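Next come two complexes, and both contain chain A; in the first it sits with chain B, in the second with chain C.
Take a look at the complex of A and B:
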């Protein structure tokens, strides 16, 4: 497989006359956990939306495992191996936890249009679903409606779903937003476990999360990548301090 | 007594027919957020297609042809027209489907003339299912009701117990997430639109034979169908069923109420017997046409989301 699982080359996005992103180059290596950080308005969400297919880049190339994915519709992106979560929890609140995760796993096994449950593949689907539920410590909640779960549990369900589609690259949009310290610690551990052997790209505000979880960090400032490096390099980089960490707000 | 039972039964059957049409409308709204003004036109097209096909395929063949034909028309409308205006918002969708309803009506007039066509229930099906007192209750009416109930059961089981039903329910709740999980939501939507249209077509093919098949049938029923969907709660199948039955029974039963507004108010003591006999000598039975709207008004005042609708709407 290509060493650069996700590659962005000269990616730019303009809304009307506003240039939100200019010439983003980014190499996400296979198996790494990569965090995108930056002050508010730096273009993190836009970049996330471009990668996850919400809209197409104005120019530039986005490639997943060596093939261009710029402008692909969301369901095609998922089938190409890119799984994503949303900033606002997107679980199916009126379905049970099991049904939520089942939906993700069904897609992975190519059973998207099944009326009947015939064949050994359904046993595999059930097994994989149970494995994910157990991995998230949700076995006791499997029959509950997702709406009745605690917020952090809902996020865990959503991450299970993203992973359950079999995606090799996982995009997480602020996975710890709105969580308590305790919950955050929990979910970090959970994300680390679930994304084992996969590539993770996440947008995150919480610096503790970023520095604990990420192998490498890219700092986005004013629509440009200011610097990419290990957490230690980023911490000590004077430009980052000036642009971002030094303002004492985060 | 017998008359009341028959009136209630008639109301029930009419309500079930209403449900056959409104179920498609409410499903389409619930899933795709499209308020399809042309939905009642699918009902009319079902009747006309069945009428046209009866000569070739026989009565039953006509009903099948009407159902499948309208499902196909629905699919084409969605894929070639509606799909392209969706991103421009609801107003464009409303305008487009509104235009479609006119186009369908005029097309029908061009091919079949402006008056009702003779699309009768065949002689072989004109027998009594049972009798209530002196009244012979026609079998075909019972058949319409049974078809609607079977349809409700089929949709319910499909949505509730099958995996594809799970995908559809998920797509209603959160299409973005379903897309993110790798499902082609627009294909699911097209399929649902076709099924919804086909159900209206089936209702038309059966209802057109029993009631009348004319170019106005879409307009006549269209408004009531919208009332059903609003009263039941936009997007709710069980709500649509309850609302259809309530409206069907109310409209049919009120005709048999043998008193006037004047009498009623005089009894309570609000107006004098003189006013009751003259100014307010209006039979309550006359309100049959207004009742559905009165019900809608009440529901919108007390429970704006409808009987079984949720707060999202």
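Take a look at the complex of A and C:
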């Protein structure tokens, strides 16, 4: 009934006297890959933090699948179907790769207080964990501590965890930050594969990533959405060129 | 192969523990009881610190509450209550759990230093309360009760208390080991590693931390219950800062990152206090030195050092004990001897008794006897020998003296080369 998986209506955020975001309206459709771009200080991170529950909006409505999620605590948000990754890698350093991903999958299957691994659900959990590990090409690293992985592999673990919670809407905060071209290409391919059939919202600086991965793009300038459209539309929009892309070289 | 060795070691240890009353005297059994109680307390503390990453500096509160609750239950049994004596530690555990649930709910709202401060505040609160409320806590004298036999089981001898304590210690060990390896234990370690991530994976971190706190308090309370059974008394001294400090000390010395670390630490410091207190007035100072040296040179504790050494041998990276280790050990012994000489000399000539002796000898400084050797405190020799031994021994132990030794140790990994990364767990 509601095709908009994630809906923002008149969302505003003020820090003290500083108005960072004013009246953001945004409709994220089921299954699309939506990128948020904008110059530094446009409010991308704040918007991301509002959607992911780090702050509550000053005013306005944020709804996930028709229910308001504004101001929910992180674990409640996650259980409502929203998963997020972090710009600075948030993996469990001294746990193994497998344990990292297992934690995400366990929670999805409701095994948050288990003292034993008894019952058929644990076979499912193990299977799902293995599937994610294999999907991320981390099978050979599964027994290593996350801290001992290469940076790009840690990013892959991070994304596996976000996907592993079974979230229907996935927020990625600069998934390719700090990566080489080669690594970026891999991770984009990986994100595309892992988020198949899910809704994806990401903040990203790298225009190549945005234009190859996103179905739609919203450009944020000075706390407002300037325009939302397909990558082609955004690329050719004169207002965007002026406000953000500058001479088009990036 | 190594697994077989471990199992064999475990069996030998178990057999020795079971057979201890047959060949150990009363003093040995008492020491063993004290060690086991300290070990259970430290294991409970380490559930919170090592696993959840929450440093509580007020754990004496839960230990003491467990002791008092158990004493009151022993009293009730004495008056004809039907509670089985062997299950008494559960009373301490229950009291610790309930108190820990409330205290933990408040304390775990914060993490790190703030969490630690709240735990200290709660412990101080309880300590102040215990001092004021004589009716419940018995004031200076404390309260007493007695062990009652249960069915065919006699609990009057120290040996029977030993076995009861041993059984409960093993139960706690197994339960905590199981908890650590359980899915829930994984969530707890996840909180230690990155709480925010855990919350975004759908876990209610505050609730998990509250429960872990309560479980940790329950194990501490159980240790307190064992103390009540062993001593048949409880007093407000239990709530003092020393209890909270000792459990931290035990865990640090033994190693928080190793499951049996707190047990190793408890065994060492309890034995140290037991034997050291009869050898020297200054044993707490030496314990402090051991603590500081451990933190500086084996931050993973003795358990961590053993584990690292074992891994090194397993990986074929070095021998179990190399020549460098022997030199280091010799250096450490030498440094310790020098330190003991200096401390005992200083401590003795500063003591009231010694001043009185000087007065009675009309100003003549009598020789100071340390381990049956007489030293003249007014000559420079004892001080010089002590200093040289301390400095030379330290240099040797730290490896600084190695280059001046012949090529004997060339190419050997030094004692500092095998440290694990901080917090590496077993």
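Please note the rule applied: the second predicted complex is superposed on the first by the 245 of 250 C-alpha atoms of A that agree within 3 Å, B and C clash if a C-alpha of one lies under 4 Å from a C-alpha of the other, contacts with A are read in each partner's own complex, and residues count from 1 in each chain.
In this section, contacts are C-beta pairs under 8 Å (C-beta built on N, C-alpha and C of every residue); 3 or more make two chains touch, one makes a residue touch a chain.
Model, not experiment: these values are computed from the prediction.
Superposition of the two complexes onto chain A shows a clash between chain B and chain C. Once the two complexes are laid over each other on the shared chain, residue contacts for A:95 go to chain B and to chain C alike. By the document's definition of touching, both partners, chain B and chain C, reach A:74.
Once chain A of one complex is fitted onto chain A of the other, the partner contacts of A:211 are absent, as it touches neither chain B nor chain C. When the two complexes are overlaid on their common chain A, residue A:109 makes contact with neither chain B nor chain C.
With chain A as the common frame, the single stretch of chain C that clashes into chain B is 348-356; none of the other options in 6-14, 330-338 or 348-356 do. Across the two superposed structures, the residue set of chain A contacted by chain B and also by chain C is 52, 73-75, 78-79, 83-84, 86, 90-95, 99, 102-104, 106-108, 111-117, 161, 165.
Contact residues on chain A toward chain C in their complex (touch as defined above): 52, 73-75, 77-79, 83-84, 86, 90-95, 99, 102-104, 106-108, 111-117, 161, 165. Every residue of chain A that touches chain B in the complex is listed here, in rising order: 52, 73-75, 78-79, 83-84, 86, 90-95, 99, 102-104, 106-108, 111-117, 161-162, 165. Of all residues in chain B, only 158, 162-164, 166-167, 169-170, 173-174, 176-185 touch chain A in the complex they form. Considering their complex, residues 178-179, 182-184, 186-187, 189-190, 193-194, 196-205, 208, 423-425 of chain C touch chain A.
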